[in-house]
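For reference, the structures are reproduced in the following blocks.
Two complexes are shown next, each including chain A; its partner changes from chain B in the first to chain C in the second.
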Partner chain A sequence: MSYRLTPLRIGAILAALIAVVPLVAVLVTAAGQPGDTLTAETFWRYTRTSVALVLLVGGGTACLGGIAAWLVALHDFPGRRLFSWALVLPMAAPAFVVAYGYASLFDVAGPIRTAWRTAFGWDPPLEMRSLWGAALVMTLAFYPYVYLTLRAALISQSSSLAEAARTLGLNQRQTFMRVILPLARPALAAGMALAAMETLADYGATSYLTVQTLTTGVVRAWSVFYSAAEAARLALPLLATAAVLLWIERAGRPATSETGQARWRELPRIRLKGGWGWAATLYCLILIGLGLILPLGWLASLGWRADNELPRLIEAGRNVLIVGAVAAAFTGGLATLVALGTRQGRFLPRLLSLGYATPGAVMAIGLLAPAGIIWRAFPSTVSSFLMAITLLILAYASRLMAAALEPIDAGLQRVGRSVSAAARTLGETEAGVARRVELPIASGALFTAVLLVFIDVLKELPATMILRPFGFDTLAVMADYYAKDERLGEAAWPSILIVLIAIPAVIWLTRRVSHSRPGDRT
Partner chain B sequence: MIKRLSTAALLASSVLVAACQPQATETASSQADCVPSTGGALNLYTARHYASDEAIYAAFTCATGIAVHKIEFRAPELLARLQAEGASSPADVVVIQDAGAMGEAANEGFLVPFEDATIDARVPEQWRDPQGRWFGIARRARIVAYDTQRVRPEEVDDYADLASPRFRGKVCVQTSDAVYNLTLMSALIDRWGSQRALEWARGIVANMARQPQGSDSDQIRAVAAGQCEVAITNHYYFLRMAESDDAADRAVTEHVALAFPQINGQGSHFNLSGAGLAAHAPNRENAIRFLEFLTGPQAQGIFATETNEFPTTTEATMPEDVAAYSHHAADPLPLPAYAEHRAEAQRIFEQAGWR
Partner chain C sequence: MTATIEVSGATRAYGDKRAVDYVDLTLEAGRITCLLGPSGCGKSTLLRLIAGLEPLDEGRVLANGQDITHLPPEQRDMGLVFQDYALFPHLRVDDNVGFGLGSLPTVERRARVADLLGRIRLGERGRAFPGELSGGEQQRVALVRALARRPHTVLLDEPFSGLDSHLKSEVREATLAILRETDAAVLVVTHDAEEAMQMADDLALMIDGRILQRGTPQACYLDPVSLEAARLLGEAQVISAEVSAGVAQTVFGSVPAPGHPDGGAQVMLRPNALVPGPGVEADVSEARFVGQAWRATLTVGEVSTQARLAHQPGSRLSVSLDPAAARVLA
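Up next is the complex of A and B:
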């Protein structure tokens, strides 16, 4: 097929450029002058820690999220309909907020270990500031990724294969192990890949829990030696790993199939009787309790005792709402252009996704370089509020484009190619097909994308920190400052506000995922 | 749809302009309640983020009518932004609570030397950059919090004591990339030489009660909880806990006290919050007025009252709890040494296995 530059494709390329520029800047920075840096031995220690953490969180999320999805999708028990969306709620809490809660709750001088020592006379080995603690915290923060993807795969699986297996003499357990689970395995892998990517790129939670990974190492190289080049070089293995994980995640997507809809019937749900049903209920309750209610509740009790700067909080909240909304709409628009313009190619979307999986500190380095070119070219705009906000929104777009691209892309996949082709034969232009056929069908996915970007802007730290204009705070920035200043009570206020703002968005997202699947009527 | 989206984005951004612009001027005018804001403005890049500083900005605007526009960064980000902005930078004044990072800013050419008789008269030479590019505005001591029931103060009157077998398994301390550990190590390298500094770091690692973790306050709490007998900490965290509204924090300080160990018998290690004039300051006059204001009795008093830091000037009034410690001598480390030894300090920490 010959490749023509249609207006749509030009738009897609321009939009993609915004996301690619910082990545290129990271590579260019990495090629810069060598400086003082960490020793090879330290580098390998960080690498080992990163690998161990990713394996633990990958395994942990697979177990916790996997069991939750299996229970909710294939069983009936008290509260199932409520849990089907409530289990996603911990997604509203940024990992660093969960880390604040757990670190303080399980500190040697915290309430739990103090009470234990008073009662039993010895100190329990419950240290959250450790590899195991970090693995626990991040498993609780990231299990919803596995839960969401696996549950979606299970409820969209048709019962016909399972029924065939039963007719061929397999019992219930065998059917699950040999038919249902293998069919859902790509989704499980995709969810784990997402959790692993988040773990790898995390700075806030890992650094607060004093676990030294490659990502915290990048920041250390930068903050101790002031060498952006060395920091960027340390980040290269992270980028490579992220690329592999992304490939896994993409491969886990169900291929668009043109068959099956007519004969489709949902998998039957097994009713859990008596104690087993209540055990399932208890499991879901514990998961939500540990992932959201315990850490947030403890933070709230700390915040209650601490002062708060209410006017500043309100201003920061308002800032992030406005900028988040604009950035989300803008990023959603750009991602739509990319998705429409690259419906044949797969390379560009993959490349853009890399920005999402790149640690924030590294992206900050990559964003600063192009921003610097603009600042130097137009010196009069440097102190302009609008200019800074524009740069910040562009930065969010380049960091979060992939988050928007994924659902939009998936939404467009549902528009069969034959449908678009039919519209073209009826005389529509390429842009006309996009406007009158493809986008209306994918409009739900578009809104999902915008919400995802909005939630991410709420939690975003490094780009905000380095590019913001004078007098501009966000909730995440405030939380970080208070936490760094060892005032966890004050940090609790903005942290809780972030969660409260994110919760409605997360609920809407979950319900949307449910409705988009044929099998779920909750 | 695309058109509608972009219209929405346009609309939203105009809301943004409408919502945020008036706010900016509002803040500026509300700060200038006492004097009409006729003195223009001042752009501040600061790595500090304390209530004390807000009080100082307000007092400055009150006294001069100059509005303070600020961005708070972490130190490496502040330096990176100055680097990226180059000659276009709008920054007038740079403030960082670490002498090492101030020295780095000066060495990178982000600060410009200036002569000012007022500042020279107020700030002793020890707390001024020899090349006149920056000076200290507040001091923080990196010292020891100890368990008063198990440690006698004379057991910790030298930093070397902390590495001695007396404290095997009894020391709590942060990770090595905590800037205050880095400057302490820089000081030891300068005063003792690299070899002895490395041996000291090895001694500390051998003495650690647990892997380095948590904040300075967490170290003090760990002493109170009995996990360790001594902790390396900055002084103001202890003072803040002692005067906290939180009864649990106050209880922590009941059996914990501060000791001021010495280096070579000459004094304790202090880090500085520094201030300097940005190399391309567009509001130079206002910047210098602000820098002078920071060394004035009012601002120095606010640092001591609000953040429990020690003043760098001689005539500031301090609250009692800060004044009680202010007689401790400071190790006479030349200011450039803070930045000079940083890379080596990190290497020594790594060599010693101090995470």
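Up next is the complex of A and C:
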């Protein structure tokens, strides 16, 4: 029964195709006729900027998120339990929202530099519309990825290794440097890889801060020059980098042999006394403040003074809720098919992960060519609006299927081989086992997956911009439009709405993840 | 319906390791066959091959002469009790037991589930979730769930290994009683020799993917085909012997060796083979209390062996060899 092509397996392969087609199409499109707008010089300039940005954000998130994880996982200080999930909250804010906030705060005419000039008589060199500014903004927006992976690695480390180190003569500091940290290093790398992927995928923040990267180049090549081939050529290094980052992130996964031990105990936490404890509290407060409260608060104050264009806001909100819900359900369904059909294989999930590591703009470019073929084949059968919406949902699905696959896969792993086998011997078919046993047990994981996709769609900008039907706004598109028009007050409303919708979901997801540990048997 | 299951030439390899290596096995309706072997010998794989949970590389599985080698597990009409019980955690006990009874009318299904739960004295716990039951209760639920469809074959994979030792024999008796009420062909996979001998009508000994010996527990115990087979079923000592004219002569006494060629041979002794009595004088060098009995090391000349005897170390003892507990090995 293991190797036959069952209906489930065929479904899994078809679902995976949806994620793979755009990637292949990018390669094919890139080989199309050369345009004349993209010079080698421009290409290398974009590439250099992307590389610099990734290195800066990687390093920055490793420091900020790493320290946060180290504090929360291994120490006790006032507010630790609250911070353990609150530190993730900046994930609810898309990087472009943070960028609006900081660009405005540190504008020449903004409050900080104005106050500085009044106080000291000279203008501080704090320009957010620069490589360094973009790096700062994205570090603040993406540090939760490092924080989450590293904290998970630290709290899932069994205390026995650290205890062994202590009995072998190492003190607390030496134990951390020589045992705990080396064991968690792959997780740190994995978190940095995730932050780097997000940095490469970003269009909204970088373009607003006038930093020209490969990704902004991809969007520009399409939306200004209408050259899919050029956009695809700019996308090639992004695809290659995505593959490398993905490999780093995979290598950082804990080996299965390490978890699931019967005698797992948490690492003991060190109580930080007095001033040190309050310093830790302050650090966490500042991180959340800088990543979420300061930029959002400033935006809110700008929005308060501006018109809110309520009808447009409601329409954009309704649009993204509907598209998000459809995309989440569709993607969750496809990911479920893949998860059920590839219980033994690892190849399809790898391919899907490549889709996740690929920037949304690249995915959108990859969908243009196959769409053109379908379009020419059936010119008048579908309305252009439906076609565009379908493409958009396919783009979301192909990019986010891997994100949905992960929790579903983990949920199904918990079912246990013998439980599924028991259902087979009790007369159920493979599909029947999925329906009656595996999916009900993994239903929580399914919900997690759908929620993850929904949040990502809510925050998505570049693919939406490229593929959306004419006149179809989402909250992110609306925010981007007003921000580019230097109407930050109007941009503030959709931005804040995104964060408000995302925050409860982020909290729910974080608490769920932090409650599942290797020792659990639920 | 009753069935005879015939496995012939079954082979299953993982990489270049043959977990099951050209195995023949027959399960008879109404009889309990125990498959005994050390862990990793392939006995659980063989059970999964029979259940259809694992494909065969070579060989066939027949049920009443019909080839079922390529039949998916849900169509084989076999019940399986898993080592970890594999109860569905999201379903209540009665829904677990009734899981495979979807084709029955509701009333009949309820009646059968109630009857089964009553037989394992869990009639009141039908609405509980599996996680709320004790280990022994879970084991019983797993057993009746496997029996609920009245399968012609019941396969049990180390069914008692998860239980505390003081519970084991009690649960084993109860399981036996329930299995005896069915006409099913039963296969029990275990690594516990005592368990296998207590339960089995027929015993099959498996090592390294191959079946070494088949027969009744008594025959296997007393007439092992090899030292390996002998040691699977209990303690065994080996001493050298000299065969002439169908009799093997050891320093402790002689053992009949019909059909063996003259010359050097090895004799397997069970711990009860040496008994006090007129015979040879042996030196007792060590005696230990090992639970239910004593074990002493006896030496005659150059040859030492251990026997289930209590005696003062450092003294001498006259022992004789009981041929019923000794065999000449081929």
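By our rule, the second predicted complex is superposed on the first by the 444 of 522 C-alpha atoms of A that agree within 3 Å, B and C clash if a C-alpha of one lies under 4 Å from a C-alpha of the other, contacts with A are read in each partner's own complex, and residues count from 1 in each chain.
FYI, a residue touches a chain if its C-beta (ideal position, glycine included) is under 8 Å from a C-beta of that chain, and two chains touch if they have at least 3 such contacts.
Small disclaimer: the values here were computed from a predicted structure and weren't measured.
Trainee: Which partner chains sit in contact with A:247 here, chain B, chain C, both or neither? Use first/second/both/neither.
Mentor: In the superposition, A:247 contacts neither chain B nor chain C.
Trainee: Pick one for A:276: touches chain B only (first), chain C only (second), both, or neither.
Mentor: Neither partner.
Trainee: Looking at A:210 after the superposition, I want to know if it touches chain B, chain C, both of them or none. Which is it: first, second, both, neither?
Mentor: first
Trainee: Determine, under the contact definition given at the top, whether A:304 touches first (chain B), second (chain C), both, or neither.
Mentor: A:304: touches no partner chain.
Trainee: Quick one: is A:441 in contact with chain B, with chain C, with both, or with neither? Answer first, second, both or neither.
Mentor: After superposing on A, A:441 lies in contact with chain C but is clear of chain B.
Trainee: Would you check which partner chain A:44 touches, where first means chain B only, second means chain C only, and both and neither mean what they say?
Mentor: Neither partner.
Trainee: Who touches more of chain A, chain B or chain C?
Mentor: For chain A, the partner with the higher number of touched residues is B.
Trainee: Give one of first, second, both or neither to describe whether A:365 is in contact with chain B, with chain C, with both, or with none.
Mentor: Touch status of A:365: first partner only.
Trainee: Residue by residue on chain A, keep only those touching chain B in one complex and chain C in the other, then list them.
Mentor: 440
Trainee: Which bits of chain A are touching chain B when the two form their complex?
Mentor: Within the complex, chain A touches chain B at residues 36, 38-39, 41-42, 103, 107-109, 113-114, 117, 123, 127, 129-130, 209-210, 212, 220, 222-226, 228, 305-306, 315, 318-319, 322-323, 325-326, 329-330, 332-333, 336-337, 364-365, 368-369, 371-372, 375-376, 378-379, 382-383, 385-386, 389, 434-435, 439-440, 443, 446, 465-466, 468-472, 477, 481, 484-486, 489.
Trainee: If we count contacts the way the header does, which residues on chain A are in touch with chain C in the complex?
Mentor: Residue positions touching the partner: 1-3, 416, 418-419, 421-430, 432, 436-437, 440-441.
Trainee: Touching chain A in the complex: which residues of chain B?
Mentor: Interface residues on the chain B side: 1-2, 5-6, 8-9, 12-13, 15-17, 19-21, 23-24, 27, 43, 49-50, 69-77, 79-81, 83-90, 104, 175, 177, 179, 182, 210-218, 221-222, 224-225, 227, 237, 245-246, 252, 282, 342-343, 346-347, 350-351, 355.
Trainee: Looking at the complex, which residues from chain C come into contact with chain A?
Mentor: Residues 48, 51-55, 72-76, 78-80, 82-84, 86-90, 99-100, 102, 145-146, 148-149.
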